[in-house]
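Here is the structure we will look at.
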Amino acid sequence: MGNILNEIGIENYIFLSVLLFCIGVFGVLYRRNAIIVFMSIEIMLNAVNLLFVAFSTYHQDAEGQVFVFFSMAVAAAEVAVGLAILVSVFRNLGSIDIDNLKNLKG
Amino acid sequence: MEMNLAILLLLSPFVGFLFNVFFGKKVSKGFSGTIGTLTVVVSFLLSVCFFAQLNQNGKAFEFSLFDWIQVGNFKLNFGILLDQLSILWLLFVTGIGSLIHLYSISYMHDDENMHKFFAYLNLFVFFMITLVVGSNLLVMFIGWEGVGLCSYLLIGFWYKNQDYNDAAKKAFIMNRVGDLGLLIGIFILAINLDTINFTDLNAGVVALNKTGGNQALQWAALCLFIGATGKSAQIPLYTWLPDAMAGPTPVSALIHAATMVTAGIFMVTRMNFLFDLTPNVQHVIAIIGTITALVAAAIGLLQNDIKKVLAYSTVSQLGLMFLALGLGAYNVAVFHVITHAFFKACLFLGSGSVIHGLHGEQDMRKMGGLRKAMPITFWTMMISTLAIAGIFPFAGFWSKDEILMTAFHENKTLWIVASIASIMTAFYMFRLMYLTFFREFRGTEEQKNHLHESPSLITIPLVILAVLATIGGAINLPGSTWLNHYLEPILAGKHEEHHLGSTEYMLMGIALVGAIIGIVLAYSKYIKQAFVPKTDNEIVGFSKTIYNKFYVDELYTATIVKPINALSNFFRTTLEPALSKVVFSFGSVAYGLSSQGRKLQNGNIGLYLFVFVIGICAIITYLFIAQ
Amino acid sequence: MQVLISIVSLGVFCLLAEIFNLRKLLVPITVIGLLAILGISLNLWSTDNSLDTQFSSMIATTKFSSAFSTLFILLTIFLIAMSDDFYKDHQAKFSDFIAIKLFLLTGAIAMVSFTNLAMFFLGIEVLSISVYILAASERLDVKSNEAGMKYFLLGSFASGLILFGICLVYGATGYFDMGEIYDLSQGVGLPVWYPIGVALIIIGMLFKIAAAPFHFWAPDVYEGSPTLTTATMSTLVKVAAIATLYKLVSGFSVVLSLKVENIIVVISILSMTIGNIMALRQKNVKRMLAFSGISHAGFMLMAFLNIATAANNLLYYTFAYALAGISAFAVIIMVTKNKDNENIDNFNGLGKANPLMAAVLTASLLSMAGIPIFSGFFAKFMLFSDTMKVGYIIVVIAGVINSIISIGYYFKLVLAMYTKDFDNNEYKPTNYYTYGVVAVLSIVINIVIGIYPSLVTQLLK
Amino acid sequence: MNITTLLILLLAGAIVTLISGDKLASRVALLFSLVAFGFSLNLLFQFNQGTDISFVSNWIDNPKVAFALKADGLSMAMVLLTTALTPLIILSSFGNNFNNSKNFYALVLLMSFAMIGTFLAADGLLYYVFWELALIPIYFIALIWGNGDAEERKKAVVKFFIYTLAGSLFMLVGFAYLYSKAGSFLLEDLYKLELSDNEQFWIFFAFFLAYAIKIPIIPFHTWQAKVYQKAPTVGTMLLSGIMLKMGLYSVIRWQLPIAPNAAKEYMPILIGLSIAGVVYGSIVALRQKDLKKLLAYSSLAHVGLIAAGCYTLTVDGLNGAVYQMIAHGFVIVGLFFAAEVIFRRFETRKIKELGGIRSQASGFTSMFMILVLASVALPGTYNFVGEFTVLYSLSQVNLWFALIGGTTIILGAYYMLRMFQHTMLGETNTKVFAEVSLNETIVFVVIIGFLLFFGLYPKPINDLVNPAIKEILAVINR
Amino acid sequence: MSPILITFYFLAAITLATAFLTIYSKNPIHSAIYLIICFFSIGGHYLLFNAQFLAIVHIIVYAGAIMVLMLFTIMLMNLNKEDEVHKPRITRLGAIVVFVVMSIVLVTIFINSKTIVGEYDTSGEDFQSIKKLGNVLLNEYMVPFEYASVLLLVAMIGTVLLSKKEKPGK
């Protein structure tokens, strides 16, 4: 089986990832709901994962895919911890609006 | 042996000073005074010894005590030079000094700080000796400043009176102005000649003059002369001397009449080889001297404080001496210094005796008729007055006449002005005598009841000085010019003797007549018309200007003292805080930025991310897109 | 490798200790354990060890990693020693805290000894996640929540960036192994992905060390976190991040082109200036030290301008900075223990109430300000001197001006201690024994390496 | 035996003082400072014998820093100045009761230690370390034991610290640059450097900032008066008596020989600035109302003259500067002590509130008078020797400098005598002024004795300093 | 245009659109559902690369675990309302600007980079079968694999630590 990238081209994947990554960044900036912000970060991580796989194919190398596993583990851990923090914020403030987190400033 | 004697000569008054400082309070007043006097007498006797020795072999005696300062290419030693000039000065400094010490024992007997008085006096004599015997300019400078210090201490002796302290301060500071000039003069010489030893300077100056260094020499001479104006109270630095009368009268006699103020003349005479080569400076000296003589005499005409009159008279006489110096007649100037020392000391001591008798009264308007009560004082003062007025055959006649004669030969204008000053001198001196001793007493009843002649310790010095004032002229009579010969080794330049021709006799006659005119005028005004000077606020017109000393003090205050003080206030209140603010402003700027920055740090995660992303974009753009 | 394994074991042991009810002995045991590990680490210094070569594709013990590991372990010992008292009120979570700190340490060590980017990424994540947890650990305190949240959001964002960078590097080279990447980077023909990837990774690390303009999180997070966590962040985490940054920069052989150098110059100056100027008006000590930390990050970045000497200078600087930080925080924790804030007023009169602690705090602040004989001076001096050698005088001047500004706020604290009288409420010296010991020990080490800088600078020889 | 022992002795003294307790502290400190003085005399003896008393060893490998302490005549003179003044300063504080006196005296000894280190260091970085180290004790001494309003004092002291530190940091940059050139901090290596004129300018400028602030030369003096006023008198003495001399010493030892061309190039500006300080300081001093502030400004004027002497780059200028440093060190300590003596009795330093002391304490008055006279450089005091030499050197450069600088002898006399008149003379003060105690007398007598003795016989100091100055000049004119 | 390319564009469009909608929709539940669709489309990409194992793991982890966790949290907090206040307009504008700028910057640099000319390598070897991945993961990447467990352990302890209630007092 030939390299699929011959059909699509690595650039296309790069652009896709970049745009996905930027959408993630946009989400982080655009929304005040912490959960959506988390989701945006997940989008960013996924954009990278996608690119990893593309590069893995590009290099015909398994390591890229292996790295995606680690990346997933990290994402999972982050989400777990993030949600735990979020819950305690919600418990104390009754809201998960990140714009309300303005006690610390100056 | 000689060296030890010289050191003893120098240190003897210092020992007296130390004794009086540390033990003066513990011993009786009389004892402390006696010690003070004796130490000076020792110096006097030693001076006489040296004088005798010098007369025998005619060789100057110079030695170095120890290395002192090393600057530039030369080492300064602490050296002593005993030659004709310094021994001459030593003689009358220690001689008159001894007399005045003696006088002071009695005069100051009532003062609680008498031991200090003697300490200061001894210290003064010590410094004066240092000034005189120093073998280089800098050792002389020690004495020069030292006597200034003692002058300061003694003028402000009655320290509880702040006016006296002001006078003392003024004296010291004005002296220091001159001292700076002197110092600069020393620098110029030192830089150009690499030496400031008197003996080496002579040759050096001549050599330098030949190699085209006249310009430097002129500046040096001018600066030295500025130094002299400070110490010898010449225009423009003379105003301290009348104020210095705040000190006890013996001080005025010793320091401000006989010895310290002649230091300028001593210095110029010492450096005569320099001044001889700088005729321009000599002209300046002559002119300044003459103007000083005239101005001071004019002010003296209307003063009412007995000591102030004498003070201005001193200034005036010093002016005459500078005239002589300016004309290159150093020997004449020295001659007048000596005679002046005799009669002026006598006059001051006499006035002290009067003041003593009147328990501190100094205003002549409140005196009068003291002739009867204080005969010795009167007669001695009368002799001295005749001497200062230039009446034949008293000492002053000879010396003053020499000056006028020299002036006549050199420059007629100066001669006329100097003559006028002499006439004025005769006038105000007799005015003083008339107001003080003649007619009836104008003081209070109580004073009148206590009028008495002063004790013998006071009168003995008066008598001795009066005698000297009478015969002192003998040392340099026309025709028998001992002093001129004596000073020949010192005075390198040629000095023509005034042959007593008809011109000279005529000049003597004119001078004598002038003096008599002055006396007569005074007589007619104060004896015949029985005029008593008005109180201060009644004086009007030009005489008010004169009475107020031509407002010179006020002028100095307005042009120098006040601006400096104003400047000081300005610096203190405006410039210093402003400078300080400049430094603080850096801090303020930082603080201001900090306040602004805190607004940016507003706690908003969105903003943080925003800046974060902008930062990333900027870096990436700069690295990969921007060319 | 042994070090890493033993620390993880120690961490697991801590978790188990909870079960065996060994809570009271936990701190001493951990400290002793860490000391033993420190011994192992030092012992491994020069000897080649087989275990290491076996895993050399992932982790390698080099002099650089050993030196920094030593510092990390030392810092952790201090931090854990202080935990005893600090978490007194959290008995139920006590062992968790200790364990997390130990895992955090493994993250830090992984970061300085990785040879594969996977290890690097995992290390930095272990470190970050531990710190997120510690920052938010005061669950009933809104500030702590907020701090945790902010740090988490921004931190994950930075992690995403780093991951993207790693991905691009992988795309360009096809390897995660640093050795291979280094070899490839020496040649030509790598696609532009490589420099972009490297740039993104480095930006991510700049975030971690809180360099401007990626510094905004630091003051908020430092202020909101429990003080001991702040201490951890400002010492251990920052030091680990800067060491990693160096390792990355040298490993990726970032050719210091003029452009890159310019960026370093700008960021360095910006960090120093922003950090110092912003610190001037702070009332909260932790916040102030956060800004001070930002400025120190700027100073440390200066080292990268002269990459040849950077390792040495950074090692010394981090030693100086971290030790001073530990002792300062030890005193701060002690003083503000029973207070509801960390304002400077709380330090009023400390000079009289507790002269020793006041002196220690003063010394540590002086060290941070760069006054001899404290090691902070030499740290700064070496930086200046080596930066000067490569001709970046402007950075040095900026550094000097910033040092001057920094005195302004460091001394605010000193002034409060010595010139103001303490407030009405009685100063209660709680059990400050451990804090005192930690503070004194760390400042003594600071001074010792200040007097004999060779002790540290020879480590990399 | 070498010079490190002296440093160790003082450091040990500081520690022993710290642990000796508040009651004994002052005496222990005095003992140590006296021992140090004796020790330094012994060192002088050895030095004169030609024994090598220097100490050089490696300190840091990278950057290459040596622990190099070397003494030449100049250093010896400054060390002796420090060790001689320290016991005097400590003794002078015996009338005061300080809180926490163990810390106080330990700091004093520590400062003395640092200053001696500065004078002896022959390695740039070591020198810098000592230089900065000296700043810390005085900071705390002024801050904690100072007088006057706490807020203002804080402001003044912090300004002082930041300001001086700012200056010295630029010097540090200069050293860093020199190191990058020479590869060593050793004095002799730095002397050997051949820098371009441009480099010299910048180095000179960096050093100048440090020294101009420390000395201080106008317009960098704004910290001075306030700190002198607010610091405890002991601190003021340390600052004015010794610490200022660190700056001046450094000019001679470091600044001039390392960047001689710049010094030559800008000589007129440098001298002009220094002399402007003389005139400015004197004029500002005229109307000061606070005794200590007045003395502070007088100090500004005097050090201006010393700095001018340094920048003439002549043997006389440098020699004179050293003489004047020593003389000024003694006299200013004495004058500040006199101010302190008055303060102890009247609790005020406002000149307006003083006066009429002479009739109550003639001994004190005399000693104060002598100090005043010494400060206005009356011939016969050591100050005259210094001032004369410096002015002479100025006249070698340009007569106008000497003339303007010479105004100090007029203005100095003016403000000092005015001060003396209004503090000491006049009608007897209503408050009782007790005559000076034995301790106080000892301090005064030692100072006065020193000034008078060397005023008449300055040869020993001259012989000590002159060869060193000549060597430095040889380097300057290399 | 080959079918594969068409598939790619189709999947890419879904990915981007759903990602955008995730952010844009106001209801968090909707966002979550869009995100799940997004993840599935990414899974589709993986399948396109013939990385079946990864695709499955991806779906399980993201759609199965992470999203469930998130949904659970959303439910827990009762957030399924559209009550979120928008950020201030300026902030939104800023976000859009940043988005545009960042996209342009990144896209520009990748366009500027030299495009790969010619054929992509085809090693012909197996590189992404489960067997191969297992080998790589447990041999070369054994240490990170183990270390990931520490990571998860930390996350676990942390989550517990953050949520565990303590007895008041004491």
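Each chain carries a letter (A, B, C, D and E) given by its place in the written order, and its residues are counted from 1.
What we mean here is this: contacts are C-beta pairs under 8 Å (C-beta built on N, C-alpha and C of every residue); 3 or more make two chains touch, one makes a residue touch a chain.
As the structure is a computational prediction, the values presented were derived from the model and not from experiment.
The set of chains touching chain D and also touching chain E is given as B, C.
Where touching is counted per the definition, the chains common to chain C and chain D are B. If chain A is disregarded, contacts among the remaining chains keep them together as one piece.
The largest tally of C-beta contacts between two chains is found for A-E. Ranked by distance of CA centroids from chain E, the top chain is B.
Put simply, the chain farthest from chain C by mean CA position is B. Once CA atoms are averaged chain by chain and compared with the all-protein CA average, the nearest chain turns out to be D.
Taking each chain's centre as the average of its CA atoms, chain B and chain D sit 37 Å apart. One finds 98 Å separating the Cα centroids of chain A and chain B. Each chain gets one centre point, the mean of its Cα atoms, and the points for chain A and chain D are 66 Å apart. Centroids of chain A and chain C (each the mean of its C-alpha atoms) stand 27 Å apart.
Residue positions of chain C touching 2 or more other chains, listed in rising order: 118, 122, 125, 129, 132-133, 136, 139, 148-150, 153, 157, 192-193, 196, 219-220, 408.
Touching of two or more other chains is recorded for residues 87, 91, 94-95, 98, 102, 106, 109-110, 112, 116, 140-141, 144, 148, 151, 154-155, 158, 162-163 of chain E. Among all residues of chain A, those that touch two or more other chains are 10, 14, 21, 24-25, 28-29, 32, 54, 58-59, 61, 63, 66, 70, 74, 77-78, 81, 84-86, 88, 98-99, 101, 103-106.
Pairs of chains that satisfy the touch definition comprise A-B, A-C, A-E, B-C, B-D, B-E, C-D, C-E.
Of all residues in chain D, only 59-63, 103, 125, 128-129, 132-133, 135-136, 140, 143-144, 150, 153-154, 158, 161-162, 165-166, 169-170, 172-173, 176-177, 179-180 touch chain C in the complex they form.
Chain B meets chain D in the complex at residues 21, 66-72, 78, 116, 138, 141-142, 144-146, 149, 152, 156, 159-160, 162, 165-166, 169, 172-173, 176-177, 179-180, 183-184, 187-188, 190-191, 219, 564-565, 567-569, 571-572, 576, 579-580, 582-584, 587. Those residues of chain E that touch chain A in the complex are listed here as 2, 4-5, 8, 12, 15-16, 19-20, 22-23, 28, 31-32, 35, 38-39, 42, 45-46, 48-51, 54, 57-58, 61-62, 65-66, 69-70, 73-74, 76-77, 79, 84-87, 91-92, 94-96, 98-99, 102-103, 106-107, 110, 115-116, 119-123, 125, 127-128, 132-133, 136-137, 140-141, 144, 148, 151-152, 154-156, 158-159, 162-163. Partner chain E is touched in their complex by these residues of chain B: 606, 610, 613-614, 616-617, 620-621, 624-625. Residues 312, 351, 355, 366, 371-373, 377-378, 381-382, 384-385, 388-389, 393, 396-397, 400, 403-404, 407-408, 411, 415, 418-420, 452-454, 457-458 of chain C are the ones that touch chain D when the two sit in their complex.
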